[in-house]
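Following this line, the structures themselves.
In the two complexes below, chain A is the common chain; its partner is chain B in one and chain C in the other.
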Partner chain A sequence: MSFPMRKSPLALAGILLVAVILGFVMLPAIVVTITAFNDKAILAFPPQSYSWRWFARALSYDDFRKGFWNGLIVTAWASTIALIVGSGFALALHRYTFSLKSTLEALLLSPLVIPHFTIGLGLLILSAQLTVGRGFPLVVLAHVILVLPFVLRSVFISLQNLDGRLELAASSLGATPRRVLFTVTLPLLVPGLVSGWLFAAILSFNEFTATLFVSNQTTQTLPVAMYNYVREYADPTLAALSVIYIVVTALLLTLANLFFGLGKILNVDAH
Partner chain B sequence: MLTRTDIATPAPSLSTAKPVVQLDGVTKRFGDAIALHEAWLKIAPGECMTLLGPSGCGKTTLLNLIAGFLDADGGEIFIDGALVTETPAHKREIGIVFQNYALFPHMTVANNIAYGLKTRGVEAGEIKRRVDEALALVKLNGFGDRKPRQLSGGQQQRVALARALVIRPKVLLLDEPFSALDKNLRASMQIELKEIQQRLGVTTVFVTHDQGEALSMSDRIAVMSAGRIRQIAAPQDIYCRPQDRFVASFIGDASVLSGKLLAVTDAVAQVAVGSLSVEVPAASLAGLAAGADVDLFVRPEHLVPVDGDGDATAPSLAGTVRTQVFQGGHVDLYIDLGDHAAQPVLLRSSAALAPSKWKAGDVVRVRPISADLVAFPKQDD
Partner chain C sequence: MKQRPFLGWFVSPAVLVALGLTAAMAAILQYSVRAYVPGSLDVGGLTLENFTALLRPLYAWAFWGTILLCLLTATFTLILAYPVAYALVRVRSKALKSFILIASVTPLFLGEVVRTYSWMIVLGNNGFINSVLKSLGIIDRPLQMMFTTPGVVAALVHVTMPIMVIMLAAGLSHIDRNYEKAAESLGAGPIRRFMTVTLPLSMPGIVAGFSTAFAWTFSAFATPQLIGGGKVNTVSTLVYQLGFASFNFPFAASLSLAGLVMTFAVIALMKRAMRPVERLGEQ
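Moving on to the complex of A and B:
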């Protein structure tokens, strides 16, 4: 049995609809990419003439350079702290039953439903009250709170997929609980830990709302610097920066896929 | 001290040897549910003891208690004479093979097998020697560098067995090890495991819900149901002299005939079914008076047809053939005995007898021939 070569009008309409939807998904990226090459200092589409100069400006603009490094520092600290804290909680929630267990779980996942500006504002008020400056620790703290639920869920799901009999087998072979953790549990959790860290890092690096509240001129991250820039200038520098963003992210994901297998990192593959 | 196990264990050679595993009234609860009720058990050195029962009977709970994966709520557990009730699993020196083998997926076959040796701090050269020896034992020479996922189910099971045996465990625990294998492989693995077990003389506790497996693998079987050990005995004793109704109906096929108790002496009871009269052990009918209704359990191979022209004078029961099922080596006849049995009884006959001899609807006369008949008080269900 073979499919008829001639498609019905309904099937053609379906294909067209899918194409239109995919087009819409890609549209902002396409528009921004083209705009980035506009020679004129205006955000107009389509451009009259083309140039690379906004890329040069995006890469050399001081606030962006600083924001980028600030973002990396905050992201590295926040996702690492969130990974350690989140794994600890996930292990506890998975392994033990205790009173207030569901309360603890709800508390840990609550940043998912609390708006980011609420967390930012809350920390801002708190830091003012405690006369703590808006330094890196405050920004990192805000990011840890925000990304913790994602790490927790990622590790928790990996733990649930982990066959408990592997740990039992290890202990029957004479391994102490500590040895079981380091030779069996943790190595098998690596994909979950990596994907949890990666999710946290992506969220943290792109986080804007809460960061706007808790950062200052010296601690502002790239998204905040971009926001400040767009309030002052309306040239294609941001569009150029966006293109760099897209290219770098795509490059990183390609590399990750090459070396680790993306399915494994994103935890969608079973093994 | 006399325990229940002494009473339940008829083989003197086994009960006199110092037990490798001993359970004294071990109880386990999960919340309000009693998963295991006062289990008494002694397993002799080198013995293969099977825990047999339907799912939820407590056999896996019992295994996990011996392994130290669960804490007992009552009673004491001894391994090799030492009290281990409170000892954590990693200090009990037991080997275990799980149903899904539980091989470490991130380690090679060799490292899986070496795991228990490394935890014991065995030096590298010795580890290599013993891993190679273990691989040879399970006929997997040269497979050391593979990862578990590159192996078939049967090969994975061999690795799991090698990993459990290489530490020279005091007890080998097998948790339904064959249920994930296909039928042909299962039979050959059973024979192989039995050979290895006997060659090494390792004391083994084997958990299964498959009675065929239990009968073929074990030195003794502990039949369990609803958290209790019903009977501990050698396979042929379990089959021929079941102690209670559950054991009689769970192990092997059995037909139930409705009988009446005629007379009871100390050891033997007379039971009548129609014009037949048979002798059964009196122990299982304790407390019943003559005239009571009893259920007589008959194995399919213990029921024979009575030829019309032959021994026609011997007492027999008349029935109608309901179904005839050709099974290759034998023929199963389901015979309706009217008032003598609530369900059609099963008669198993050699296939050499012409399969066309009986047809559905034929009238046939049958009688039990074995001395191994048992009867229990009638149960209304």
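Moving on to the complex of A and C:
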């Protein structure tokens, strides 16, 4: 616990303030965890009795199981496609100048500020105009568009940190551009690629609004199934599922932090 | 001539995705000027009616309400996120830094539905806050927080906190500490140092964070839909209702389009208003 200065009253007040704010950030997760173990179907704080039964129901509920598998399919395709598209474009952005470069970059980064419901609605209308159904390809396309900016950013940052002299050395020793790309550039980029993929996968698995527009009963992902559940039932099943979600996500992030340094990925480390 | 190996391989997949996005936006543009045929998914001829309908009180108010909601959310998020970002960048202990980072960033990856549901349990009439206040004897009837604007804002602030923390921290981490040391050696106290050196230098992060929080709030759907419960109308909830309850896709398209134009306008305006301050930060 050390703020830059000695522990002046100001620094203590700062620590307290940050603690209170982090409390606000973590409050919903704590409350949802208590709720998940509440034995009764009706909310009560503190719960009268505890049980695991809502976890059992969450794991056996059909829509959740199906949504989970749908989500995995969509996420696997979308994050992998986004990784290929994003790393290719990041390489081009980093190395070359070409016509419409900045237009293309702005266009691909625009989903950061375009509302998700707008993208969902646009793709829904587009699929109606082209008379293609609301199948998996449409959902995957929506997710690729939405997660691409994050992959692009992650790979681009690793490219900036890559020592270009290694590539120069390889090509001066007679390696073809293809050989340089596959034996020097890409292996050096692996941490950036993995973290970009992971980032994309987590975001895609959790995407809700656009998916609500472009999915149907057979392609709905887990967040859409959860949304439909909360509109119909008020029991703690969803709380149990949320706890599983929170635990898995926190674990993944902690692992990412251990292996890649989350601060570096998010570009928040002090220089 | 400069060689650009693999340029086509690198760029063409990105061009395909960009085309998909452009086609989707073009579809919205096209539907927004078409007539609504009740009871049918097909659309009629060209019309500007969808845009004049935007001026009807319900929609005009919803628009205005959404803007206010976004501004309120972005402001509160900024106020709460700044100390966290500051601590994240300046704290020396590695373990504490990791803890702050994980605690403040995890919600980003939980998705809107999980977070909104959690807030429903916190804010509900039998929820956490009301139960605690009741058992402490502070209230005897539950406080109505669900289906109110403050309730929606509280949940939205929570939704936009992580991205704001990330953007502010990115800005703060790029500040050269020597400026602060110089101010200190010239006799400025901690508060003065913060107000005249650190805060102005972190302006680029503040502008980026504020505009992103604004855009994200505008984009939020599950939170206003579930916590607002129809009492708090936003552009996103109206677009969904128009599309999936009345199948009026042309009007939904024009409403989305107006929202998009407005988002871009507000972000451009904010950037412009902040330009003098930002220039200060660049020095």
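Note that in this section the second predicted complex is superposed on the first by the 231 of 271 C-alpha atoms of A that agree within 3 Å, B and C clash if a C-alpha of one lies under 4 Å from a C-alpha of the other, contacts with A are read in each partner's own complex, and residues count from 1 in each chain.
The rule we apply is simple: contacts are C-beta pairs under 8 Å (C-beta built on N, C-alpha and C of every residue); 3 or more make two chains touch, one makes a residue touch a chain.
Note that the structure is a prediction, hence the values are computed from the model and not measured.
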Next item on the list: Look at the residues of chain A and decide whether chain B or chain C touches more of them.
Entry: C
Next item on the list: Check whether A:Ala175 is in contact with chain B, with chain C, with both or with neither, and answer first, second, both or neither.
Entry: first
Next item on the list: For A:Ala239, decide between first (touching chain B), second (touching chain C), both and neither.
Entry: second
Notebook entry, point to check: Of the two partner chains, chain B (first) and chain C (second), which one does A:Ala58 touch, if any: first, second, both, or neither?
Noted result: neither
Next item on the list: Examine A:Arg165 and indicate which partner it touches, taking first as chain B and second as chain C; both and neither are also allowed.
Entry: first
Notebook entry, point to check: Now for A:Leu212: first (chain B), second (chain C), both, or neither, which partner does it touch?
Noted result: second
Check: Considering each complex separately, which residues of chain A are in contact with chain B in the first and with chain C in the second?
Finding: 177, 271
Check: Hey, which residues of chain C end up touching chain A in the complex?
Finding: 3-7, 9-11, 13-18, 20-25, 27-28, 30-31, 41, 80, 83-93, 96-98, 100-107, 109-115, 117-122, 124, 126-128, 131-132, 135, 158, 161, 166, 169-170, 173-174, 190-191, 211-212, 215, 218-222, 226, 235-236, 239-240, 243, 249, 252-253, 256-257, 259-260, 263-264, 267
Next item on the list: Show which residues of chain A lie in contact with chain B when the two form their complex.
Entry: 163, 165-166, 168-177, 179, 183-184, 187-188, 271
Check: Okay, in this complex, where on chain B does chain A touch?
Finding: 67-69, 88-96, 98, 100, 102, 104-106, 115-116, 119-120, 149, 163-164, 167, 173
Item checked: List of chain A residues in touch with chain C within their complex -> 1-5, 8, 10, 14-15, 17-18, 21-22, 24-29, 31-32, 34-35, 42-45, 84-86, 88-89, 91-92, 95-96, 98, 104, 107-108, 110-119, 121-126, 128-129, 141, 144-145, 148, 177-178, 181, 202-203, 205-209, 212-213, 223, 226-227, 230-231, 238-239, 242, 245-246, 249-250, 252-254, 257, 262-263, 266-271
